[in-house]
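Please read the structure below before turning to the comments.
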Amino acid sequence: MNTFISLTIYGLSDGALLALAALGFVLIYKATRVINFAQGEFLLVGAYMFYTGFVVMRLPLIFAAVFGVLVAIVLGVVVERFILRPLIGEHAISVIMVTIGLSSVLKALVQIFYGTSVREQPPILPTGSIQVAGATVPVNRLIVIGIAVIVLFAFSAFFQRSRHGVAMRAVADDQQAALTMGISVKRIFSLAWVLAAVSALIAGVLLADLSAVEQGIAAFGLMVFPVVILGGLDSVPGTVVGGLVIGMLKQYVSGYADPGLAEVIPYIVLVAILVVRPYGIFGETRIERV
Amino acid sequence: MTSTPVSGTVAGAVAPGPATTDLLTINNVEVIYDDVILVLRGLSLAVPEGKIVALLGSNGAGKSTTLKAISGLLPTEHGEVTDGSILFGGKNVTHLDAAERVRLGLSLCMEGRHIFEHLTVEENLISGAYFRGRIDIQSDLAEVYALLPKLSDMRARVAGYLSGGEQQMLAIGRALMAKPKLLMLDEPSLGLAPLLVKEIFAFIKRVNEEMGLTVLVIEQNARRALEVADHGYIMEQGRIVLEGTAQELQENPDVKEFYLGLGESGGRKSFRDVKHYKRRKRWL
Amino acid sequence: MATATGIHHRTYRSELRLRHTKAEYFRLALMLVLLLAAPYVLDKYWLGIANVILISVIGAVGLNILVGFTGQISLGQGGFLAVGAFTSVIISDRAGVPVPISIAIAVLMTAAVGAFFGLPALRLKGLYLAIATLASQEIIMFVVRRWEWLTEGKGYLEVERLHVGGFQVERQMFEVQWYWILLALATLAVVVARNLFRTTLGRSFMAVRDQDIAAEAIGVNITRAKVTAFAVSSGFVGLAGALTAHYTETVTWERFTLDVSVLYLAMIIVGGLGSIAGAVYGAIFMGLLPALLTELVDVLGSSLPSLSDQLPALRNAVFGIAIIVFLLVEPRGLDRIWTRMKDYVRFWPFRY
Amino acid sequence: ATDTSPGDGGSGDTAPIKIGIIADRTGATGDVGTPYNDGMLGYIDWINAKGGIKGHQIDADSNDYAYLVPRAEELYKKYVNDGAVAIQGWGTGDSEALRTKVAADKLPFMSASYAEPLTDPKQSAYNFVVAPTYSDQMRVALNWIAKDAGGKAEVAVFHNDSPFGLAPVADGQKWVTEKGLNLGYKAYPMPKTPNQVGLLTQAKSQGAKYIVIQNVSSPAAQVAKDIKAQGLDMKIVCLNWCSDELFIKTAGADNAEGHVMVQPFAPPTAEKPGHKVIDDYLKSKGSSLADKGLHYAQGWYTMDVMAKGIEKALDAGGELTGESIKKALESVSVDTGGVVGAGTVSFTADSHRGSTGTGIYEVKAGQMVELAANQTPES
Amino acid sequence: MTTGLTRAYQHSLNSSAVPSGQPALEVKDIGLRFGGVHALADVGFTVTQGHIHAVIGPNGAGKSSLLNCVSGLYHPQHGSIVLHTGVEGTSHELTKLPPYKIARLGVARSFQNIELFSGLTVLENLMLGRHIHMSKSVLASLVWLGPARRQEIAHRALVEEVIDLLSLQPFRHKSVGSLAYGIQKRVELGRALCLQPALLLLDEPMAGMNAEEKEDMARYILDVHELAGVTVILIEHDMAVVMDISNRVSVLDFGRLIADGTPDEVKANPKVVEAYLGAEEH
């Protein structure tokens, strides 16, 4: 039983990180209908920026966080303004490709400035473990779950309670019409990318704290796809469900079954879900009428 | 603008000032798409405050382009105003950002509805009031529902599944949520049933008369448009070719023949009488 | 009847030709001369690159049939290449079947597997489908890695040097001989793909892409069209996979990862979606880019040694930047740029 | 790419020697690939500065292939075309992919892959493996475990899910049976996740106290962290590619404490005589071997072995070709000052297994402390 | 009803063998619901072979839904739709069939918002209208020379007749996306005609057109009807057109059939006036 509990906690915390990573992805899709293949690299850049502030510049934790957020904001704005905006209205695959190019560039930039070897960073979250129902549970994992819950909750509240949620969906539906409603499409687009970069920063920093500040963080981004498809490409609550399902599933499979299978099980589940629900669990059905 | 309780003020109540002031003036505007396609060739027109102005013209004349130029949508279609100026309420808005113009009180109801398909009817209406900030829009919603009761039955339905005509109503209602000073309607009667066309125009007349809302309307249904309009413009190939009061236009023989579909005798001709040679000539 | 080029055709048949003008025939001839001269001009290294490009041409044409013409975004290319590669090698080397036949079987096999993995496309649209194909990539990879029978537990397969009947590729002439084989097959692939889109079957693919509801309303069986598109496309990809195997003489799953799927996608997007020529241009561009970068890096590396540490990363950066700049400049790809250049020349000096 | 040849005229008998290097600096194994590649380049710089090999400068073309097999093939072709006489490779996947080609092209090929099939000249005529194979390392590890446990124990093998990771897995099982070791043995491929608790859970239910890891440092370090966080009583035994300073750094000295490493290349802290030349060279460049870590030395001496082969081939006279280098290598014996295995690397025409001895280290206070030197499977 | 136009066409554009005056399509009590919305409730009427049968009604009345049921895009929850295509009463129940099978029975249509294949040329769009009559063999398509080419040429002949009938000659090789609205509508009509329909469904073919273009479109529809004898179901909001060119009119309101008769009968029906026309003129 205690094995189950500890697997669950680990699965939950991985799932929470996945949800955070997926959040940015979903926001971008929601507002701009762009699939961001560079989401993993956003995590990577986020983690390294925080590292720069915290370790290289020796800023106190809180200032390092602020520094990271500032860089994330700049990154979001620059990417949107100079790379995505000119492509508004182009074919979806062309836009996907640009984000693939972007991912390559971002990864290269991190390599150029930080090399490929692991960076040492003192733990940010308290280490140590506590006993829960006979299972050993690391404190930092619990905190990660907590932070993710807060962030995700804040984001969904923001979108549900504010007009911006409606505006974002409006922009995604019809940019011209949104303009005639006085909705600044540019601002909404920037907002989406900035929020995505910031949520990726949070995910990246937490992930780095749990594992290490290294290139591998980017690879974590790939798991975002099963997560968002499961939840629905445009659903914030969907990221939570998708993240947790994928996180725990991987954990259980690697704990109880074939660890190698753990890497593909999300994809198998994904296909199964899509056959039943072509727009994920919470995704918005695309309207096609004649 | 706060809304006065009596009889609803969907429009940002413009005090009925001296009737001669032009709320919107367009001077010699030239519009080019894709750097090469010249569509508007020195177009000028004026919309007096508190009046209804109809803009008529054959397909492809550039009517929609005119409205897009006024509302700042051209950049989204690789179009550009290359010459001339657009003044709104005395302010030069020629190159202003589209969203900014809405804030000034210029509202466009686009051709082909352009409702937000995945939003519900009510969310569509809410989005219309977006730029007005955090305000209480319940009373505004109630007003629009009162004007277009059919919408109120459908408030929770996803807009993309409405029928064509229902979507058209929604688009108009959404434009009104912006409380504009000038409402521009691009073919509002497109796809509407005859009764509804009548109602829409009656409605336009009403908001105009009761609230002083200025309206610029594009229509293929010239007869209806000229019935409610004070003034009309006819455009061909990117220029205004004829202008006058609605009355004058209705009596003009060319307008009668080409826009009102009336035969020489003045009566409606039958579609069965259209001769083949006529269209041959025209299309080949 | 008049075409855009101002040529008048007296029969439908002449109008249905792919080339109409002298200029078009001239370009074709020029290209032929260049292709035929290549092995005498290029050294082994560049010929090797040409060979890899020729294989990618086949794969990219196949992918474009699916993505560009039918509108079904696929990230499963790598998996299908693997199917083609393993099938052909196992059949030829282990069962002793002659290579041409094993390749043909591989093509059919990949077409079948492709059709199977295309089934989600019947329910899924757009980006959801794209990600579902990502799943097919991962699942095929997983099977390939785990199924020990494939590689007899070694994890990779060694492939016998190509021999057909009495003919055997010689070591010294390896690249040259392969060049002729691959050139012939790539040409065939291009011609066949162009044929496809002159017929109603090909048009029905494009109809599904542009407006699937209308397509159905005029009698296109969308299910069949999509599955056929997946099968035909995968057939090409299977051929590319099989050729990869016999040409490189080793098969490991590491050659068919997601990166490869992405690379192929890059080819057709940079080349031009929905254009056979575009797929060819894209394959050439993406094939040459790393090689040219390597050359550049060699030059820079010796003159700016301090920079040399960064060069590997710079190469990634340049790769990414090339894609981004490309798509910003011309989102519709090289094919479009080429068309515009032709128009420019055609109308020169009357530019307007 | 790095051209390290200052180019000294290149008249007839001092023509530069072309070597192609396929390196992973940015790929999946770039963390260890970069210092390894740096070590090679350092060696070349060092020897060229000394006047090269018998007056011939080494003209090395080193390119990153990011652990992608097709890139490796492309680079290989380029090197062949440029007239390289020997190739330095990297991964198991690409070494195996290129195996038949190097044999056909008669180019000696060394790589950082120590997979067993590469040592057999009958299978891989031109591949030379300088270090004990992964399988030998595994055998040593199993011997050590059997001894450390005082007989019976359960062993879990965590491996990278690739040809590299799988290389020693089957041989380990065979060894247990052959030698009648009283060890339970089970292998688990490592998924890419931010924790390895799932695997540890399985190891735990297997009853394993020893985890042999055949992977690079970062995932191994994650295992160490998780063992600590879970308060498990397990000992990691790393094979070559995670037995390094990076493992300690990434896991944190605390988490790494007490884990064991099977590492044929002596870490700088072991202060073997062979380290001095590297350290001196690095100091002259304002760095130190301690900074660069053991993989630097690994790259350095791998290149050194190749250079010695070339030197011998030049001695023998005649044209310097891949074939002549191969012949020379098959009779060479290189003293690495205790850095590689037992100290010397030597090949014969029947065996391209350069050395069999490996050291065993334990992490103590963030340092690799030698437990035993020169362990061979049979010792 | 001759127009003084004589043109000899080799191909018949009408594939129905039902004699004029016999029922071509019988809609029987169909009901269609979307969640709580009753798009169609117990609608039933008969379309006679050789008629232009107009369907009118307020917005949201269910007209497009009705067409969608006939062409198989929607499947009514109850009721049946029977299509007659042969002399001997060959009839088909449509409600359970997928759209492409219905198309193969000869039901062709246009859409309320133009749904052309925007990446293709006019010619390709029209050739796609021939899809159901052509062989789709993969092998032949890839080879081209031989059967595939012969087939293209053969079917091209009929397509050229449609091009001629609708005066589309100048646009043959133009990409449809770049054409004027009115021309696009005509191409859509053409694509449907290429199918050699037994029944032609037109959803608001004249919406958004000016008086002049409407006249043209009306003429084309009449030509199709008179020259080719195709049975047409026409949805249109312009009463002048409807009253002028249709033989029979069905009126829907809130998903129910409220009137069915000749144009004059319908025009005089007070329920229709109240729900749809409004008082005054017409």
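Letters A, B, C, D and E name the chains as they come in the text, with residue numbers starting at 1 for each one.
Here is the rule we go by: a residue touches a chain if its C-beta (ideal position, glycine included) is under 8 Å from a C-beta of that chain, and two chains touch if they have at least 3 such contacts.
Small disclaimer: the values here were computed from a predicted structure and weren't measured.
Common neighbours of chain B and chain C, by the contact definition above: A, E.
Taking the mean of C-alpha positions as each chain's centre, the chain lying farthest from the centre of chain A is E. Put simply, the chain farthest from chain B by mean CA position is D.
Mean C-alpha position of chain C lies 41 Å from that of chain E.
Once the centre of each chain is set as its mean CA position, chain A and chain B turn out to be 43 Å apart.
A separation of 49 Å divides the Cα centre of chain A from that of chain E.
The geometric centre of chain A is 33 Å away from that of chain C, both derived from CA atoms. Of all residues in chain B, those touching 2 or more other chains are 161, listed in ascending order. Each of the following residues of chain D touches two or more other chains: 25-26, 161. Shared interface positions of chain C, defined as residues touching 2 or more other chains, are 145, 213-214, 217, 312-313, 315-316. Interface of chain A with chain B (complex): residues 88-89, 163, 166-167, 169-170, 172-185, 284, 287, 289.
Against chain E, the residues of chain C that register as touching in their complex are 1, 3-4, 12-13, 16, 192, 195-196, 198-204, 206-207, 209-211, 213-222, 224, 228, 231-232, 274. By the touch criterion stated above, chain A contacts chain C in their complex at residues 29, 35, 83, 86-87, 90-94, 96-98, 100-109, 111-112, 222, 225-226, 228-229, 233, 260-261, 263-264, 267-268, 270-271, 274-275, 278-280, 283, 286, 288, 290. By the touch criterion given at the top, residues 3-5, 34, 37, 56-61, 64, 112-113, 167, 169-170, 180-182, 204, 207-216, 218-219, 222-223, 237, 239-241, 244-245, 275-278, 282 of chain E touch chain B in their complex. Chain contact summary for the complex, chain B toward chain E: residues 58-60, 112, 150, 157, 161-166, 168-169, 187, 190-198, 220, 222, 258-261, 268, 270-272, 274, 276, 279-280, 282-284.
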